[in-house]
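Notes to accompany the following structure.
As written, the chains take the letters A, B, C and D, and residue 1 is the first residue of each chain.
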Amino acid sequence: MIQQERMIVVRQSEIAHHIFELTLQGKIVQDMNPGQFVHIRVSDSFEPLLRRPISIANINKEANEATVIYRAEGRGTQILSQKQVGDEVDVLGPLGNGFPVEAAPEGGTALLVGGGIGVPPLYELSQALNARGIRTIHVFGFATEDVCFYEDEFSTLGDTHFVTVDGTKGTKGFVTDLLDELKPEFDVFYACGPLPMLRALEGFYPEKKGYLSFEERMGCGIGACFACICKTTDQTEKDYVKVCSDGPVFPKGVVEL
Amino acid sequence: MIQQERMIVVRQSEIAHHIFELTLQGKIVQDMNPGQFVHIRVSDSFEPLLRRPISIANINKEANEATVIYRAEGRGTQILSQKQVGDEVDVLGPLGNGFPVEAAPEGGTALLVGGGIGVPPLYELSQALNARGIRTIHVFGFATEDVCFYEDEFSTLGDTHFVTVDGTKGTKGFVTDLLDELKPEFDVFYACGPLPMLRALEGFYPEKKGYLSFEERMGCGIGACFACICKTTDQTEKDYVKVCSDGPVFPKGVVEL
Amino acid sequence: MSRLSIQLPGLDLKNPIMPASGCFGFGKEFGNLYDLSKLGAIMIKATTVETRLGNPTPRVAETAAGMLNAIGLQNPGLEKVMNSELPYLERFDVPIIANVAGTTTEDYVEVSEKISTAPNVKALELNISCPNVKHGGITFGTDPVIARELVEAVKKVSKVPVYVKLSPNVTDIVEIAKAVEAGGADGITMINTLVGMRLDERTGKPVIANGTGGLSGPAVKPVAIRMVYEVYKAVNIPIIGMGGVTNAQDVIDFMSAGASAVAVGTANFVDPFVCPNIIEELPAKLEKLGVKRINEIIGRSHL
Amino acid sequence: MSRLSIQLPGLDLKNPIMPASGCFGFGKEFGNLYDLSKLGAIMIKATTVETRLGNPTPRVAETAAGMLNAIGLQNPGLEKVMNSELPYLERFDVPIIANVAGTTTEDYVEVSEKISTAPNVKALELNISCPNVKHGGITFGTDPVIARELVEAVKKVSKVPVYVKLSPNVTDIVEIAKAVEAGGADGITMINTLVGMRLDERTGKPVIANGTGGLSGPAVKPVAIRMVYEVYKAVNIPIIGMGGVTNAQDVIDFMSAGASAVAVGTANFVDPFVCPNIIEELPAKLEKLGVKRINEIIGRSHL
């Protein structure tokens, strides 16, 4: 169930250039699933006014702790990055529908493709898949080496490959270049990242099941304001979907890219 | 000279109900005089947007420290009251023209009349007068006992009398009631407090020199925006004065009350 | 509760608080968060004759103490609203105000005639002021003659009282208010959003795909209060005020200026529980003001 | 410095930054804080024929990310401005834009004719938009015909280029902009303040003695940007943009929308050093955008 909670900052650190890892404690952690997101109000003032949607990167139900990883770029995320251990953060969540872990066949292999700040939700997903005995292959693209993160964390879960636009880490280029080269064997793929990446992936593996996680500017985050809609390819049944409440994860082919 | 400085919070405590005493350290302390005020920006955000004018209650030039005493009531002063030791506060000052200490004759007596949150600037004034060998009598009015402050501090400087509207501390009534009763002997009076109090005092001692400190809603605080003007009684030379830059202290009779 | 109750044409309000149109969808999402029967009323999303897909995304952008939106009247269309959306709301003890939009007078008439027969629709709100629709809509809100004619046409067919939602993007809002009153409007709701724009810092192009968007949130409250104040002086029909309401004090302010009830828009995105929270805070606020019943403060600015 | 320089009718600007009228007095107070020669220009406080005492206090009130003011054109009058205020500013290497206000056309003509002869007054800014003056003023800004006639009358007597300051409180600002262009205006400055109101929480009465006041500050920036964007498309004379500018990014935004220079108002109260600070920040901003000279970004939103 969606709840609003003043969660407590348990840890916060900068794990890459302007990339922060923030762990929050609160009871809404119990309801979280991989691929869902939280809507964070970074300040009690009117400035900034709107909440910020951030994916859930790690869920620790025993400790009631959830971790998010975000880039502090604009005004809101910068304020968030200044929160200290013990501070309260106003969180609305968990929101949206996450990745269908059960879509991966037992004993099978899942390919996880991430781009930049789209990588975080794949960490909880990878853990959930591994917990079900599914092998995971991670192929992640970043702009430059200094914004890469979680190499060790992902490596303990499965094969992990990095590609950077400028070649400062891993191979040089985009994830699709690396996928062309690696030709991984897998049963289902999951992806989160910038739209051009999702667009490139959409038709990349025509015969495979795939799930894409989308981003869109949001108002409410709960499906009420129609800010975050995407057109569907199949305009007969439903003309559009809402990223916040129908998504952010959709089976490939659902959203018009 | 007026300067802008990020002063450092040295101490802050609640000394009466919602009344805070805040000590700030910075080099602009060197330029401060009794009766002047500072214009404080309580937050780097746009909310609240405007600075808050607060009188200087104590000046410690050796330590580069100045103290202000304020009531945390509205949004801005509430944010100010949450500042911790070590935090920075954006201060513009010192502003305005303070109390003319030299208006009290050597060896003479000064009557200091204050109302509520108008009392703070009289503390630095009283010290400055005492330092010049002038005897001070303090007559202060407050709403209730729980918002009274600095009784000990003033008592060490001179005779100190409190009056409260509800009679919970000192006599019951207004400062003018108490003055009627006390019939203090003095050479010059200085007053700061709500307009009705100043108005009552204006004609109270027709034969004495007196100085009144005014409050008005401010924009710039430096004389540029014409927000804080008061009409003058003598409309020939100057039609109006600005509380922020011509005042906040004016000889009695200057401002139309 | 009668301390907070308000009687308006067609509307028996438990309290003067209602979510504003477009900020609450058709209620379902918030119905999962709290009991909608707590609300004074609900203003549902604008309904048009046909399904509308609205504008391309991005549709929202943040501004200082406010936000821009250009949703573009996206809605499933009259039939689906009546068959799939309104029935859900019947389970709650709350009157619905149906926000009606369109491109032509005929559009407004058709939607009004039909939607006013829905059992829980107790009033209409004619959206003659949406700044995000390219054809029509906006002219209805800026021309007093056209506005009056539209109201007259709708009044002929509506089974429930008709409120008209005014645009703040006009030189003289009082003129429009008087025109819709003359046309037979039972009440006025105001204000809709101010037309604004935000540019992308890097490219310099508008952030919102539509170019301009409607500004809402705390930033616009002073403009809204001023307009409610002016219109209250000029008309004899009740006003439902809105624009930047986020807490109980804002409600007091709008009612002081002359509103008989208050709608909450953008604040629902900041805090989805804002409406029930305000309702809970109101009695204490009234206590502090020494006011017995909330209707006593309506228009007190003018005393 | 030529990276930031801008050429406008009558104005040779070192940089496109100038304090907005009414937010900088006649410069003296800020002249004590920094060297005014750093500024692109200075827009001085509105000047009228006779001394004006302005409105009763309180004259300002804070709002969410903004403020209201109702100063009421207080100024010492034409003669004193020319004899006591303008000469002080001559010691600085900075062009002055004289903000001209009045109640009748004759007032505007008289002030314009005389003040345009002052050696450092390089342009006039006709304030046809001040919302805080009861008689006249406001009508000039909302009626295109009257606005045009006023500009024509002033153009006949002014020795320097004439800019016209537009009011945002209109249904169609483009119409007014075109009218003043047709009347011979050399440039447009925009926007003046939006009419707003704040109520006292306890009494419910307006905080500002005048009742309404003009809203300025970051809250209005989206409205200002939208209007500059629209007017830029419609006229061929330069625009000096303003409304909520607080930093170098805001300057980039206004110029992207179509402004050739930018004025800073309310922000001077928040940070008296804001103008020189922005001027210092601008080159780095341009660097980041890969722009050589600042005039390259004028109107880039429209490309």
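Quick note on the criterion: contacts are C-beta pairs under 8 Å (C-beta built on N, C-alpha and C of every residue); 3 or more make two chains touch, one makes a residue touch a chain.
Here's who's who by UniProt: A, B = Dihydroorotate dehydrogenase B (NAD(+)), electron transfer subunit; C, D = Dihydroorotate dehydrogenase.
Just so it is clear, the model here is predicted, and its values are computed rather than measured.
Number of steps on the shortest path from chain A to chain C, with steps defined by chain touch: 1. Interface comparison, B-C versus B-D: the higher number of contacting C-beta pairs is recorded for B-D. Greatest Cα centroid separation from chain D: this falls to A. Centres computed as Cα averages put chain A at a distance of 55 Å from chain B.
Here the CA centre of chain B is 46 Å from the CA centre of chain C. Remark: chain B and chain D have CA centroids separated by 36 Å (rounded to whole angstrom). Each of the following residues of chain C touches two or more other chains: 63-66, 217-219.
Those residues of chain A in touch with two or more other chains are numbered 46-47. Chain-to-chain contact here is organised exhaustively, every possible pair of chains being in touch. Across the interface of their complex, chain C is touched by residues 1-2, 4, 41, 46-51, 92, 216-231, 239-240, 245 of chain A. Contact residues of chain C toward chain D in the complex are 63-66, 68, 142, 169-171, 194-199, 201-206, 212-213, 215, 217-223, 225-226, 229, 244, 249, 252-253, 256-257, 289, 297, 300-301.
The touching residues of chain A, counted against chain B in their complex, run 43, 45-47. Considering their complex, residues 64-65 of chain C touch chain B.
Here chain C touches chain A in the complex through residues 22-25, 28-30, 32-33, 45, 51, 53-54, 57-67, 69, 71, 74, 217-219, 246, 266, 268-273, going by the rule given at the top.
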